[in-house]
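In this document, chain identifiers A, B and C correspond to the written order of the chains, with residue numbering beginning at 1 in each.
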Amino acid sequence: MRSSHRLALAGVAAAALLAAGCSSSGSSGGSSSGTNWSTETSASAGGGMSALVAAAKKEGTLNVIALPPTWANYGNILSAFTAKYGIKINSALPDGSSQQEVNAIKSENGTAKAPDVVDVGQAVALANTSLFAPYEVATWSSIPTAQKESTGLWVEDYGGYMAVGYSSSYGTITSLNDLLGPKFKGAVALNGNPTSANAALNGVMMASLAEGGSVGSISQGVDFFKKLKAAGNFNPVQATGATIKAGTTKVVFNWDYLNLPSYVGVSNWKVFIPQNAVLGGYYAQAINKNAPHPAAARLWEEFLYSQAADGGQNLWLQGGARPVEQQAMQSNGTIDKTAAAKLPAVTGTPVFLSSSQNTNAANYLAANWAKAVS
Amino acid sequence: MAVAATTETGARPARAGRRLSAPAWAGTVPFLAYVAVFLLWPTGIVVVDSLKNPNGSWAFANITKLGDPLVRGYFIGSFKLCVLSSVIGAVLGAILAYAIASGNPDGVVRRLYLAGSGVLAQTGGVTLAFAFLVLIGPVGLLFHASWFYSFPWGITVIYAYFQIPLMVLVFLPAIDGVKVQWREASENLGASAWQYWRYVGGPLLMPAFLGGTLLLFANALSAFATIAAWENQIAYIVPQQISTALSSEVGLSNVNVADLLAFGMIILVAIVMTGYALLQRRAARWLR
Amino acid sequence: MAAVTSVGETPAPAAASRPRGMHASRKRRLNAFRYVVFTLFGLFFLLPMLAMLRFSLEGAKLGTWSGAAWKQIASYQGEGVPPLISSIEITLELAVITSVVTLVLLVPTMIWVRLRVQWLARTMEFLSLLPLTIPAIVLVVGLGPIYNRIQHYSLSSLMLFWIYVILALPYAYRSLSAGLSAIDVPTLSEAARSLGASWFTVMVRVIVPNMRQAILNALLLTCSLVLGEFTIAFLLLYNNLSVELYSISRNTPNAGVIFSTSTAALAFAFVLLLILSYAGRARRGRR
């Protein structure tokens, strides 16, 4: 390479490096007077709820991410929050996965667009605690110990049981083995790929439980889907409202709150949870350590965990999801009884995957899923 | 551009007072600088990250993972799909371009097809895959294509939907450049249509045709949204596996693996481009 | 002769310039060929569009018709999402900025390379393919730091143009390259230079007018790319037309909305490009 070429390339590289080296001033945000809410670990420590509300209103905006409006009633939750406190909500990436939420925290770090709070699956929450800020909501004691991190880095918020939704044109389905029959040709689908999507992995695990397995191993579930594929009943597309409406996927494995007719978008939709295969999964809330709107973020958490009639917990219940404080609310009578009565009936004890069981299942799927359904 | 030409015949006299003799490539600096910042730098980040561990330490051995049989399977799948869709798209696109070019240059048909090609060349993703799914999928409105879910046939038909218009747009200027007079001249000399194409038209159009095919190949290579909507359960091609590595919620996400696969794709394109350069050289021999 | 070429095309002016010499039989075969080609391809491209249109007009129960999915686009007032009009404005502005920057960056450089720096041609070709090689989902990983820096200066979605120019590069390059190879650039430029033209004149007044179709096609491809670009805007958390339409389709429980928004986007782009293609040919008089 001629020396003049080298010189020019060096020049361009230097310019790029200079641009890279320009230090970015971190987002200065935050309140000018008094409390720095980004380090407060509870409302009382920061001066009480009214101080929190005032600080949040001053910030005026909240950045949320990956909250589809028809998912567990999030649409109403977002508008209720804005109506109550007058804080504008920027809702980004409504269809993002939990991993994408965390990626966004990392890539948008220091900008005004970074997510303030995230609602992620268990595995992602556990893997990313270094990004979160500890915070204990006012109703901390109502949340079971097993469903929160001890300092509040992540706290479970709502969940459901894995169910099978299906078009009512099939009559009533009572057992998974019915799905192997000839009238379900090309009809059964998962909500995503089990090596990637939490809901799909739990769908396969639920099938495993229904076929007599235990949470320790997902192999029976994979075998079930292998049989389904061999019978020609397995449809490899991702089930969405559009595929259901078009009649492409008439049977869908998904969380029960995502198998509601209102979420799915068709009226003739039924749900069943197989006997003794009650697999539960909860999502978790976390606050971004470097949230551009720390007070609004914490107020949002207070709102979500509030047991009031118009608070987050009851709103989630109205969306068909089971709020984490359900037991406490049933004891102290704050629960919305009508909504609670509408939850699908279950026979059997609910089980939940621990993180190691989750990892084992994921690894098994990574090695065997593609072979089973191809 | 104040570059004083030093070698052209009849060159203008140098501007009074100043005589810049910057090297010729200086004219390409704006382009190169832009590309360096917005393309090479992100690519560099991706490549460098691919050789690191999730905790940030170096792991040059990562590159051997590209030889893993599972990974090779993804690359072979990508290659198959890209070659198939680019060749089919190029041939059919060239035919369509010829049909358009041989019509009235100001006509409505030409404009409609051009605008339509512009729009369709960039379609894809969920809606396109879905449209084909409802037409010829398992519960198809038109008919059920039993090959719809066999890789790479079903997805190739979907890819053709945007590959063909793309070829039309990038190939049309070349066909326009083939003058009618040359066809006349060859006919006057007694050549048949076949001979005209074999000795005149073909060699003239071959570089543009190969270039178009190469573009179609690369276009198909990184396409992801379409195949993800077509089917979601088996990863046939590299971008599907990249997506799992980037956004898996079940703990199988690994940004470094995603970066490594992207690095592999760059290598694949470099290899394909070498083949393409060889082909171009052989085609050029035709011309002389 | 023009009357035979195809139905619906403007006859006389261009025909007069087309030299005679096509034998009648060959003309007939050519026209038959064109009819067959246009019909077959037309069907292939139209059927999926019709399917999407049909689903966009589907009512709540399969088999009924309803315009709800279309009305919901216009009436949509979402929580936390800006209105549709502003995203249309932004996307149109992005299309203009991206096209201008792409053409200004590429055309002079490509002409220059063809004339004086041929050894860079292969490098340019490879560079132009690179944006297509890396899937958008991974490119965003690499773009993260850069856009993070950009966002300290401006949060506007218009900042997407920096990467859109790169994304348009492969398509614009290939189209311009096809146009350049169809004309004899060295001879034209030598002739012009020998008559005393500056490099600027050579490019703007000699070569570019001969590349009209190529430039138009590059423009069409760039605009259509910007109008339809989704993944990068989505992953960088910006709001452009496609992202907005996607939000609408996710925010309304009517599954038909995803079809109506896609069809609307395509129709919008088509009309725009059609207008553009007319503008590109407006000054053609005698050829």
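One rule holds for everything that comes next: contacts are C-beta pairs under 8 Å (C-beta built on N, C-alpha and C of every residue); 3 or more make two chains touch, one makes a residue touch a chain.
Just so we're clear, the structure is a prediction, and the values are computed from it rather than from any experiment.
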**OP:** Among all other chains, pick the one whose mean CA position is farthest from the mean CA position of chain B.
**Re:** A
Original post:
Which two chains does the highest number of contacting C-beta pairs join?
Top reply: B-C
Original post:
Quick one: chain A and chain C, Cα centre-to-centre, how many Å?
Top reply: 37
Original post:
In whole angstrom, what separates the CA-based centres of chain B and chain C?
Top reply: 15
**OP:** Mind pulling the residue numbers of chain B that touch at least two other chains?
**Re:** 25, 37, 41, 126, 130, 134, 243, 246-247
**OP:** Any chance you could list the residues of chain C touching two or more other chains?
**Re:** 55, 141, 145, 258-259
Original post:
chain A: which residues touch two or more other chains?
Top reply: 19-20, 100, 242, 246-247
Original post:
Taking the complex as given, what residues does chain B use to touch chain C?
Top reply: 1, 3, 5, 8-12, 24-25, 27-28, 30-31, 34-35, 37-39, 41-46, 49, 92, 95-96, 99, 102-123, 125-128, 130-132, 134-135, 141-142, 160-161, 164-166, 169-174, 176-178, 180-181, 184, 187, 193, 207-208, 211-212, 214-215, 218-219, 221-225, 238-239, 242-243, 246-247, 255, 258-259, 261-262, 265-266, 268-270, 273, 277
Original post:
How about chain A: which of its residues touch chain B in the complex?
Top reply: 4-5, 8, 12-13, 15-16, 19-20, 96-100, 103, 120-121, 123-124, 127, 185-186, 190, 192-198, 201, 234-238, 242-243, 246-248, 358-359, 361-363, 365-366, 369-370, 373-374
Original post:
Which of the residues in chain C end up touching chain A in this complex?
Top reply: 55, 58, 60-62, 78-81, 140-141, 144-145, 147-149, 151-152, 155, 234-237, 246-247, 250-251, 253-256, 258-259
Subject >> chain C residues touching chain B - in the complex, by the definition given at the top >> reply: 2, 5-6, 8-11, 13-15, 18-19, 21, 23, 26, 30, 33-34, 37-38, 41, 44-45, 47-49, 51-52, 55, 105-106, 108-109, 112-113, 116-117, 120, 122, 124-127, 129-139, 141-143, 145-146, 162-163, 165-166, 169-171, 174-175, 177-179, 181-183, 190, 193-194, 196, 198-200, 211, 213-214, 216-217, 220-221, 223-225, 227-231, 258-259, 262, 266, 269-270, 273-274, 276-278, 281, 284, 287
**OP:** Report the residues of chain B in contact with chain A in the complex, numbered from low to high.
**Re:** 23, 25-26, 29, 32-33, 36-37, 41, 126, 130, 133-134, 137-139, 149, 228-235, 243-244, 246-253
